[in-house]
Every structure is written in C-alpha cells, then in structure tokens.
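Okay, so subunit A shows up in both of these, paired with subunit B first and subunit C after.
Moving on to the complex of A and B:
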C-alpha cells in the first residue's frame, strides 16, 4: 500500500477521483460510486478486510478436538480447528506444497489435516507432520518445522465469537471492539453459559454489494414500514408507522453501531422478551446500566465494523402466533463487487428453556433468512440498489442520508458512546460510511 | 419411505393409490405454477409438518450433510397460510412483480404409510424460477411426503424437502417448493 506522509493511503482512484470525495459524512451525502465497483472492491479487500478483525465463527461450532469448519477470511479460504490442547486455531486453508485446499468439507473431525494431492499431513495445530516420500529429499531440504499451515495472523474470541485478522499490527480484539463490548454483552454475555449456535448457519448468495447489507443492519429502523409493509398489513407490526421510532441510535467506538428500540408498555416486551427464568442470570452477568437497557428494550440491530451484524428482535412467526425473540448473527462476506455470501446464525443462550428454544427457532426461520417473510423483501432492495447505482448517469448524483441529523446526542443516555434519541434516523449509517472512509484512506485506521 | 423400503413394497405404477398420489403431486405443481395459492392451501392437512433442512458439504462418512436443528423452512399449515396472506397484501415486494415458476416432479415412488389411509411418497423435483429479466434460478431436490386420505381426497400431512444445494444460489426463497 502506498502511504503518504500524513498517514493517509493513496487516495486516487483510476479516473482521478479521490476517495475522500465519495463520503461526505457531515453533509450526509454518499456517492453511488462506492457500490458495485471493482476498483473499490479490491481496495476494500486490501484496506478493510485484510486489516480489520473479521468474524470467523462461534466456539460452539467446534466442540471437540479435531473438529474443523471451513470459512473465508478476506476472500481466502481458512480452516478453524480445535487442537488437542482445546485451543481453536485458524489457518489459511492451503497446503504448503502446491497450495491445495487441505480441509475440503464444510465441517469434519480429523486426526490430521491431510492434503489429498500428495499427502502432506498437518497436525491439529497446523504443523507439518509428514510429507510424501521424505527419504527422497536431500537431508535438510525439507524443513518441516517451517512448513506448517500459514496461521491467520491474529485469532481471538470474544464471548464465544471467533474473530481473525490478517494484520499483525491490528490492536487486540478487545481494543478493536472498544466500548461496543458493553452492548455486545447484552446479547452474548448475559447468561452464565453464554450462547451457542443452533445447528449450522443458513448460507446463501445475494447479488448485492455487501455494504447495503451492513448499512441496513446498522440500525435502519425506518425501512420497516415500507420494505416490510406486507408484515404491517398482516397485523404483525403495529399499524402506526411511528410506533417503532422510539429508542436510540448508538455509535460506539470504532464505528460499531446499533439501535435500541423499546417495546410497547407491556411487561412481555421487557428484557427483549427473553425467558423470565433467565433474569437472575442477567442480574449476575450484567452491570446495572446494561441490565436497565436490557429491561427497557425489545429490539436491537447493529453492526460490528465492517461486516458482522447482529439482531435481537421480537417477531411473530405466523398470524395469531406469539411474539418471540431471537438472536441472530450475520456475516456479510463480499465475494465480488456485486455479490455477497450471507451467513446467518441463530444463537440461543445455553441455559434457555426448551420451549423457548423451539419458539425462538421457528420465529427466526419464518421471518429471516432467505425464506423469511421479512427478509425476502430486503434482498429485493439490496440487489436492485446494487444494479442501479452502477449507472454512470446515476453516479452523477449522490445519495441522501440526512434523516435526524439535527438531533444532538442525548447526554443522559447511560451507556458508552454517542446515543441519539429516536431510532429513526441515519446517524448509524453515516457512522458506518465514515468508518469505511477512514479505513479506506488511513494507514492506521484504528488509531485515528 | 425409508432406505429399507424394498422394491416389493412400492405400489405399482398405475395402481389406484399410485395414481392418486401422482395426481396429487401433478395438480399441486399446477396450482403452485398458476399461483392458485388459496386452492393449494386446501390441499394441506391441519397437522402439516413442512420442513427444508439446511445442508452442509460433508465427507461421505458423515452422511448426507443435512443439519440437525436448522432449516430454510419450518412450516405448519398456519405459517404457510401466513405466507399466502402476505402475498395477498399489496406490499410483498419480493413477489411483486411475481416469480414465474415451473414445478417439475418426477421419479414418484409410493408405499403404504404408517397409518391407515396414508401414503408415503417420494419424488424428485426441479423448480425453475424466473423473475423480471433476471437469470433462471434452479431449486432441485427430493420431497419426502406423507399424504393422508380425507374422504375422497388426499391431503399433504408431511413434507420434507431435501435440497440439493448447501449454499442457496438464489437471493431468496419467496416461492413454495
């Protein structure tokens, strides 16, 4: 990466436009050129995804030594494997001999990671144990101790969620998450046993720029009454379009954002509608400010920069059915400038009661994921936005992100970060794009 | 139908129950392709269990890769009714404009079910979907159905959709399989 003296990276795109012209956070204008553009995609891979802490998985996906799952990290295949020592490690999933993918299933349990091309075998901790016909090498030529699988540069776990980065200079994960940890704990750290993945993720491919997914999950609460108008018509959301406009838009450190939305004044909406049996655990695991926020809200959606989103929302899975909450994690993995592979997980508190597990699962599958009665309409928007914004005429005109910008952060909000009153607004989206620009232009984005 | 079903237990093609089951599937395909969803709902049993498990790419020793406990669809008659009612609103954007589907059903095998009057029916399906000017989407797999007799008609009481894809190569699943 070319670096200029001010700690800025090379700002010019091929046609001479500067990256800084694309995002005007104070003016609330975003250039359409950032979407669906191959040059931007390559720069994002270089400057964001190969440097940031990316979501890799959840510890419950690898319960036993030898368990592996295969994933992508910044567009390259990686394998997460639990070693005999219980540690979860992550490696570039590529043999040191000819580069073959070593672990080829989505998941497996193996004694060794054995390459199917010429048989080089790696231990569960990634060391090269045997090569083929070792006696045919000059003594000293095959230095096995130097030919282990290439480790993901840094791997760390926060509340059961596994992250990795290719950047040796990235700050520790806890620092990267900063005070977003306070909010993540409402969802991932509220019970004694933490959360676990239910089954496996739903995975599907969407023809969208990944940023539309992240943008939507920064806490776009005001798309509900149009994008999800069908669900309003079904009587599954209150008819008044302003009824979900309360709460806060929150910007934590590092451009991580979320919204917090209160339910109607009905005790069943307290604690996000989570099972009451768990409240004593919430009291044990959360501080009083966190506990208050958990009690007073029913819906939250947010995004850990760049592309890990989460949602804890109460929904009705079918007409006449109960309102049930679920917790989902989303990784929006860019596969090209115009395509994204979506990984959608359902998480449950390990200590959640049986009936709730069933209800939460049904509510999640029926409303979100590719078949969800909410989410099917989201993809409609993201795909069309991606296609249309590629137009050269369209690109002469910016996109408007100005809702709620006159509001000042509420100083009485008890949590960390900045919190703007009301959950309809574009502060969190602008924060996301501001952070995006910082990563696209700064040599040390986490420090500036 | 299970892996242990023998050829002798399969009802002959053209036998009465075989024909009824095949006719059920063909008519269902037509109802879905013609977007006659109200009529389709009439073919669903009140106790319908309708599931489409998520699948992973696994080594043969680990079986077919269908995931225990996670699905792309986990439906009842009421949740399918909800989906149909959704399509009848004027804001179901994923299907407005609508998908054009073609449900192709083949390899129909029928055996007697566990309960009186029930038939276990497996079939292969290929569903094509095209929408606006977008390229074709293909959904293929196996259906494992239980059809229950209700007077003169058959009703769909159980459907397991064994999908062929692990990563769904379609931006949504806004149609019925």
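Moving on to the complex of A and C:
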C-alpha cells in the first residue's frame, strides 16, 4: 500500500472522489457509494480484512485433536485444526503443490490433511508429511520442512472465540479488542465453564453489502417495530414501540460498539433473563461494575469491528410463550461487493441448566438463523438497500444517520468508553463508519 | 374552549393538527361536523398527519398504518391497541373550538428513554419475562 508522509493511504478512487468525502461522521452523512461498489470492496479486502483481527470460530467447534473447520479469512480459504498437542492452528487451506484445498468439508476429524489432487498430506500441525513419489525428486529438491501449510499470520483466542489476522504488524488481539473486552465478558466470560457452540453454525449467503449487516448490529433497535412489524403483531416482541428504546449506546473503543437495554423493573428481566442458578457464577467471574450492568439490562446487540456481531436478547420463542434469552454470534463475511456469507452461532453457557438450554435453543432457532422469522425481515431490507444504493441517481444523495446526536455521553455511566443515554440513536452506526474510514485511509489504523 | 382554525378552512373529509398549549389536537371534519382527538398515535407516539381522511373517514398513522376513528378515537385497525383521547369540539362563529381540559397545561415531562436510569414500564412489555 502506498503511504504518504502523514501515514495516510492513497485516498483517491478511480474517478477522483476521495474516500474522506464518503463518510462525514460529525455531519451524520454517509455516502451511498460505499455500498455494493467493486472498487470499495477491493480496498476493504486490502485495508480492513487483510489487516484487522477477523473472527474465525469458537474453540468448542474443535473439541478433539484432528477436528477441523473451514472458514474464509479476507476472502481466502483457511482451515482451523486442533493438533495432537491440543493447540488450535489456522492455515491457508491450500496445498503447496497446485493450490488445491486440503480440507474440503465444513467440518471433519482427520488424521492427516490430504490433498485430493496428488495426495500431498499434511499433519494436524500443518507440516508436509508425504508428497507423491518422493523418490523421483532430486535429493534436496523437495524440502518438506519448508512446504508446510501456510499459517495464518497471527491467531489468538479471547474467551473461547478464535480470531486471526494476515497482518504481522497487527497489535495483539487483547489490545485490538481493548475496552470491548469489558463488555464481551458480560456474555462470554460470566460463567465458570464459559460458552459453547450448540450444533454447527448456520451458514447462508445474502445479496447484501456486509456493512448493512454490521450497521444493523451496532445497536439498531429502532428498526424492530417497522421491519419486524409482523413479529410485533404476533406478540413476540413487547407491544410498545418505545419499550426497547431505553438504556445506552456504547462506543467501547474505535468501531467496537453495542447497546445495553434495560427491561421493566421486574426481577424476571434482571441478568438478561438468564437462569438464576448462574448468578453466583456471575458474581465470581465479573467485577462489580460488570455485574451491575449485567443485572440492570435485558437486551444487548453489538459489533466488534469489522464484522463480528453478537446479540443477547429476550424474545418469545413461541407465540404467547415466555420471553427467553439467547446469545448468538454473527460473522458477516464479504464474498463480493454485493454478497455476504453469514455465519450464525448459538452460544450457551456450559453451566446453564438443561431446561434453559432447550428453551434458549428453541427461541434462537425460531427467530434468527436463515429460517428465523426475524431474520427474513432483515435480509429483505439489506438486499434492497444494497441494490438501490448502487444507482447513479441515488448516489447523488447521501444517507441520513442523525438520530440522537444532540445527546452527550453520560459521565456517570460506569463502564469504559463513551455511553450515550437512550438506545434509539445512531451514534454507534456513526462510530462504525468512522472506524471504517480510518481503516480505509490510515497506514496504522489501530494507533490512537 | 379554545379557538383553533376557521371551519371554512377544513375540507369535508380532511383533518388538521393544531397545538393548544401542551396538547396536539387532530381536528377532523366529516360532512358538516367537526371532531377532535389527540393527534399523537397511541402506538409509536408519532404525530398524526394533516390531510384527507382515509377511506371510511378514518385517520391513518403515517408510520405503521394504524387506523383510528376521528369520531370516538377508537382503533379501527392495528398495530395500535389504545384509542385516541377525544376532546369536545364545536363551531362557534365560524371557528372550530376545542376543549382539551388539563391536557393543555404543561406537565412535568415523563422520563424520556434517554434519561439515565429510566426503564420501560412493565405494561409496555406486556408482562413479566416468565
């Protein structure tokens, strides 16, 4: 990447428009040109996804040596595999011989990663073990010790969630997450046994720019009563359109954002509606500020920049049934300027009671996931936004992101970062797009 | 009763929104009679819009499409469930007069969702979580 002396990357797009003209965070103005645009997509791959820490998976997907899952990292196939030493490693899923993928299932357990083309085989630690007809190479020509699978440059795990980056200069994961760790702990670090993935992640393709997904999950509660109107009609969300407007929008650090939404003053809404049996564990694993926030809130949705989102929300899994909370992770993997592969996980605390596990699973499956009755509404909106914003006439006019900008951060909010009161507002969206611009234009976007 | 708009300015089958003190009032004309209700939709609290009435002499909320009767405030179609409050209205000397009673007086603001520490009511959620 070409860099000027101020640490800025090349700002000009092919037609002379500068990237900095596309996002006006203080003015709450977002250009439609950032969506569904091939040139922007290529720049994002280069400047965001090949540099940032990206979500790769969860340790519970790989319980045993030889377990692997296949994923994409910045558009390139990678395989995560647990070695005989118990370590989880990640490699470019590509044979060193002709480039074929060496692991071709979504998940499997293997003794070796065997290329189906010519049979080159790699150990569970990524080392080349055998090539075909090794005796036909000159002695010293086939240096197997140099022909292991290409490792993902950095891999790290936070509270069971596996991240990777192609950038050797990226700061450590903990530094990259920064103050977002404080909030992630409310969901991933609250119980002794941590969380585990239930079943396999659901994976599906949507004809949308990935940014609409991340944008929605920065904390957009104000779409619920319009986009999900049928769900409200059925009584699966609270009837009052302002009932989910309380609480805070939080910019933990950079583009890592979330909202924290309280329920009514009733004990059934404390601790996000999680089982009471777990409260002693919350008290053990969280500090007093985290514990207070966990107790006081019922809903949270957030995004770890760039494309990992989470939600811990209470919905009626069954019409007329009780509100049940579930925790889901979402990864929005861009596959082109106009397509995104969605990975959706249900996470459960390992220590949660069996009845709650079943109820939470049911609430998740009925509402989110590719067949979920909420999910369908979102896909329709994101696909349409992507399609319409590609229009040359449409692109003459920006998009409005100005809700709640008159509010100042609440200095009495006890957690790290900035917290704006009220959860209907667009501060978190603007924080996300501001961070997007920083990564698209700065040589060292993680430096403050 | 407070004077509002000239009766002659109201087309039959239309409504306007008028502020009386702290109250937003929807004034509708059906034939030669006038009716007044609150102009704030009971669903998402958005202001109902002036203009022609919807078929059936109903007021349609511009946001989610709830339909109300301007005569008695009743909900004709959801998503609203609560009727609009009605106010006495009559034409005096060619001007529509409306009595909003205490609703016109400025009241202490109820805590907005952006008041730190504010919570939704249990009623707004319908019932306890379990």
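As a convention for this text, the second predicted complex is superposed on the first by the 447 of 448 C-alpha atoms of A that agree within 3 Å, B and C clash if a C-alpha of one lies under 4 Å from a C-alpha of the other, contacts with A are read in each partner's own complex, and residues count from 1 in each chain.
One rule holds in what follows: a residue touches a chain if its C-beta (ideal position, glycine included) is under 8 Å from a C-beta of that chain, and two chains touch if they have at least 3 such contacts.
Keep in mind that what you see is a predicted model, and the values were worked out from it rather than measured.
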Quick one: classify A:407 as touching subunit B (first), subunit C (second), both or neither.
second
Of the partners subunit B and subunit C, which touch A:229 in the superposed model: first, second, both, neither?
both
Just subunit B (first), just subunit C (second), both, or neither: which does A:129 touch?
neither
With both complexes overlaid on chain A, does A:147 touch subunit B (first), subunit C (second), both or neither?
neither
For A:13 in the superposed arrangement: first (subunit B), second (subunit C), both or neither?
neither
Common interface residues of subunit A - those touching subunit B in one complex and subunit C in the other:
226, 229, 232-233
Interface residues, subunit A side, partner subunit C - complex
225-226, 229, 232-233, 235, 238-247, 262-266, 268-269, 273, 298, 314, 322-324, 404, 407, 410, 412-413, 420-425
Show me the residue ranges of subunit A that touch subunit B in the complex, using the header's touch definition.
105-108, 198-208, 226-234, 317-321, 341, 346, 361-362, 365-366, 369-371, 373, 375-377, 379-381, 383
List the residues on subunit C that touch subunit A in their complex, please.
43-45, 63-64, 78-79, 81, 112-116, 118-126, 128-130
Residue numbers of subunit B touching subunit A in their complex, please.
52, 54, 56-59, 62, 65, 67-76, 78-79, 81-83, 85-86, 89-95, 166-174
